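What follows is a pair of complexes built around subunit A, which joins subunit B in one and subunit C in the other.
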Partner chain A sequence: MKTYISVFRMRLRMETQYRGAILGGIVCQVFFGLILIAVYRALYAGKPQSLPLSHVTAYVWLQQAFFRMLLSSDAELMDKIRTGGIAYDLCRPVYLYGFYYMRIMAQKLMGSLLRAFPMLVFAALLPEGWGISLPASLPALLLSLTALLLGLCCVCAMENITMAFTMRTLDPRGFQAMLNLLMMILSGNILPLTLFPDSWQRVITLLPYAQMLDAPIRLYTGEYVLAQAPGVLLLQAGWTVLLILAGMMLWRRNQDRLIIQGG
Partner chain B sequence: MNTLRLYLRSMGILLKSQLQYPLSFLLQTLAQLIMEGGEMLAVVLLVDRFDHLNQWSAGDLYFFFGLMSVTFYITECFGRGITGNFPSMVRTGQLDTLLIRPRGILTQVLCSAVDPRRITCIAVGTVSLILGSRMSRVDWTAANILLLAESIFCGFWLILGLFLIEAILCIHSVKSVEIANALTYGGRSACQYPVDAFPRSFRTLFTVIAPFALVMHVPASRILGKPIFGWPAWAAWISPLSGFVLFAVMVLLFAKAMRFYRSTGS
Partner chain C sequence: MSFIHVQHLCKRFYVQKKRKNGALLREKETVEALKDVSFQIEKGELIGYIGPNGAGKSTTVKILSGILTPDSGEAEVGGKVPWKNRKEYVQHIGVVFGQRMQLWWDVPILDSYSLLKDIYRIPEATYQKRLSELAEALNLGDLLRTPLRQMSLGQRMRAELCGSLLHQPEMLFLDEPTIGLDAVSKLALRDFLKWENREHRTTILLTTHDMEDIAALCPRVMVLGHGRKLYDGSLQDLLRHYDRTRTVEIRYGGDESRPDLPESVQMLKEGDGFRIIYEPEKLPTAELLNLLQQAGPIREMTVQPQNIDHLIADMYREMGL
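Entry: the complex of A and B
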């Protein structure tokens, strides 16, 4: 266990190194958030919906703030697979799946926390109708934080599966890019899932992609009431366990028929 | 003329090299389709829920989306050298080899890359344009077709000019400066909707500084028969030229920045 924790801590420290890049990323993300909200505001002015505008703005800001949690593939790890550097990792006396899981988790956790804090503070300072509103209640906040943690576990499990596919095809730009794009759409980054047609939402919210950020956000805004929370958390945990098992299986299969690239 | 022949020739060579790995190419092209399809899906779903945006009907919104998407991805396809590869050329010192050849730097950079995977994005945009013009009953007179062509052509130079900002910053800082993307990708995201949907500050930004509104929205709204800003007909023909102006300014700044270029030496 100690090994995995130290990998985790090392990656955490890595992520804090490029502060200039982080600042640039935050400015971009804030700009995108403002653009999206401006569009939704104009649309709402024409035809108000039963879903309050403040829920939509909170959705947009939380999605922008935790953008890095969804989409930050470990370029170094991809390179290792492509160049054959992964052979060194295979020699380590560790369980490879756990080793990479921790590595990815640290990167996603630190990457998103460093960005989320300043962005959410900024969003909270914006005027009414633009910024992020307070959570529905204190229990809702705590539940949504729990859900966010589960979502993080879920997204890391998903990333490990993507990585396993990369080991097969060696080119991260085809199949993996498709999986990532599918994730952007189905996790609510391009358009809040709450604005999808109601009949679609019944299916989409059950998919693993909705467990990553959509579920925590809905708990935060009160879209999911407290009584629904146990079911939501259970669904998240269920998908996480399933995806981890699937990922472990894929990695084992990959190790059996591994071809190391080049010298 | 010579330069044009050189350009076409390098495009041919690059295309051939990209098609060496057909499966990978096909998958990447498909990934692009999902990406742009997802963007269009967002617009379709929003239209489904909200019906209209200010005075713009569903068809108008598809038209605006299609115009932006076609223009932006034509730029990313043919301007790949600037929109994608330039920062790494500076970082790796690859740019040095271009300095010793008897052609302009920008010409060579443009000749160095093409991105045919974007074809699916352009296709999605085209579908959206046709769908939008059908739904809004656009009268395709010769003038309207010409105006659309002008808008796309000028839009190409506008977006290329905006991407040059990143290139210029990159010459000074070596690292790729992602913050410059706010204007290009942000501009795309914002201006796939008509500019009058935005509050004043955004409107100013996208009219005066990055004139997407002048290049795309003024002519497009004229084609749709609902001119924005209340401008007369001739304005729709003049205003897209601002794309050229921006590009020209950026080329001058680029040339100036190149004087400060210091090779990374690697």
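Entry: the complex of A and C
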């Protein structure tokens, strides 16, 4: 276990090395947040929707703040597979699935926390109708933090599956672009899932993508009432377990038919 | 049984060919990286593994380090089959891939080492002792707190080597460890490998294109070409067979002087002198000297043995590689 904690800590520390990237990310995400909110304000000015505007702005800010959690951004790891540097990891006495899971998790956790704190402070200082509102209640906040943690576990499991496929196709770029698009739409990053037609929402909220940020945000804003929380958390946990098992199976299959690129 | 025991090892890869204009499907071609390779290595041996690019050297190393599974054949290292129980097996081996990195790019190398300590479950005291031993032998003292990205290639290679040896493996695979190193770093690395081999009886298999590495380190060499083992024995015996010519460089006092030499001797004009390549078997050195002196007063002259790289190139040519 120590090994896995150790690689987790290592990746955490590495993330703090790129201060310029953090600052750049914050500026970019804040910019996107403001633009999106301006668009929704225009929409609401024309035709008010059933969902209160403050929920939408909170949704946008939370999505932007934890943006790093969604897309795979461990370029070093992908490069390792593409160029064959993974050879070294394969000759370590570790369980590779767990090793990469911890690495991915550390990167996502640290990467998004470092960005989320300043961004949420900024968003909280914005005037009413632009910024982020307080959570629906204290229990809602606690439940949403729990859901965020489960969402993190879920997204890490998903990325590990992408990794397993990458090891097979050996070049992640084309197919990752497609997955990223799916992720952006179905996780609610481009358009809040709460604004999708109700009939769509019934399906989309069941997909794993909705477990990552959409579920925690809905708990935060009170979209999901407290009575719904156990069901939401259970669904998240279910997907996480399923995705982890699938990833473990893929990794095992990979190891028998591995190719190392680049001599 | 020997420490390493390899029998009839075969491995095939599929390579994609560039498609012809208009063709939708890529053509696949089979490359036989290893064709029936067998050898034995005893504990504590230091062995050179040479061959032209694409001969199958790295493939052998990858199979023996548990990364790749062969298509057929057997291999055992220290009584264990590398590709079975991978996790258990790799605890006892160390690998250096000269053109790849194992240490983390952005953090001080000491942090990478301490991660390796946890990965290999090295007890703290053993780790400290081993690290200071390696840091001294590899002259890493001041570098331990430097991130990898700020190091020169030579420093990086030394750091990588230290990383591969922290858990004191019984078996060390080195895949081109001296690639891109300057003369001083190369010499230091060679001294270190000799020391590690002597001090800890670490078995070392070294692949390289640098024949000086082999000459300095390895009493035994194996030559691989097109996936087959072509030679297994001492470097001296291998070279003796190909080492047939000597080179003389000569400069005369008078400008007009030009020696008159038989057909079997190759003579090239070089600057204001000549380069003469001859085979002592066909034309004894004494006779050559006689002929050279007849041409005029000699100002300076050197006789050189054949360059080891040329010898190997001749050998590859003769073996049809």
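For the reader, a short list of remarks on this structure follows.
By definition in this document, the second predicted complex is superposed on the first by the 262 of 263 C-alpha atoms of A that agree within 3 Å, B and C clash if a C-alpha of one lies under 4 Å from a C-alpha of the other, contacts with A are read in each partner's own complex, and residues count from 1 in each chain.
One rule holds in what follows: a contact is a pair of C-beta atoms (placed from the backbone, for glycine too) under 8 Å apart; a residue touches a chain by one contact, two chains touch by 3 or more.
For clarity, every value in this text was computed on a predicted model and none was experimentally measured.
Overlay on subunit A: subunit B and subunit C fit together in the combined arrangement. Judged by the touch definition given at the top, the superposed model places A:225 against neither subunit B nor subunit C.
By the touch criterion stated above, A:46 is placed in contact with subunit B alone, subunit C being left untouched.
Residue contacts after overlaying the shared chain place A:195 against subunit B, while subunit C stays out of touching range.
When the two structures are aligned on the shared chain, A:184 is found in touch with subunit B, with no touch to subunit C. Touch criterion not met for A:249: it reaches neither subunit B nor subunit C. Within the superposed three-chain model, A:31 lies in touch with subunit B and out of touch with subunit C [touch as defined at top]. Least inter-chain distance for subunit B and subunit C in the combined superposition, rounded to the nearest angstrom, is 7, based on C-alpha atoms. No residue of subunit A lies in contact with both subunit B in one complex and subunit C in the other. By the touch criterion stated above, subunit B contacts subunit A in their complex at residues 23-24, 26-28, 30-31, 34-35, 38-39, 41-42, 45-46, 48-54, 177-179, 181-182, 185-186, 189-190, 193, 197-199, 202. Remark: subunit A residues 2-3, 5-7, 10, 13-14, 17-18, 76, 83-85, 87-88, 90-95, 255-260, 262-263 touch subunit C in the complex. Contact residues of subunit A toward subunit B in the complex are 21, 24-25, 27-28, 31-32, 34-36, 38-39, 42-47, 49, 171, 173-175, 177-178, 181-182, 184-185, 190-191, 195-197.
Looking at the complex, you find that subunit C touches subunit A at residues 13, 58, 62, 65-69, 86-88, 90-91, 93, 95, 97, 99-102, 104-107, 111-112, 114-115, 118-121.
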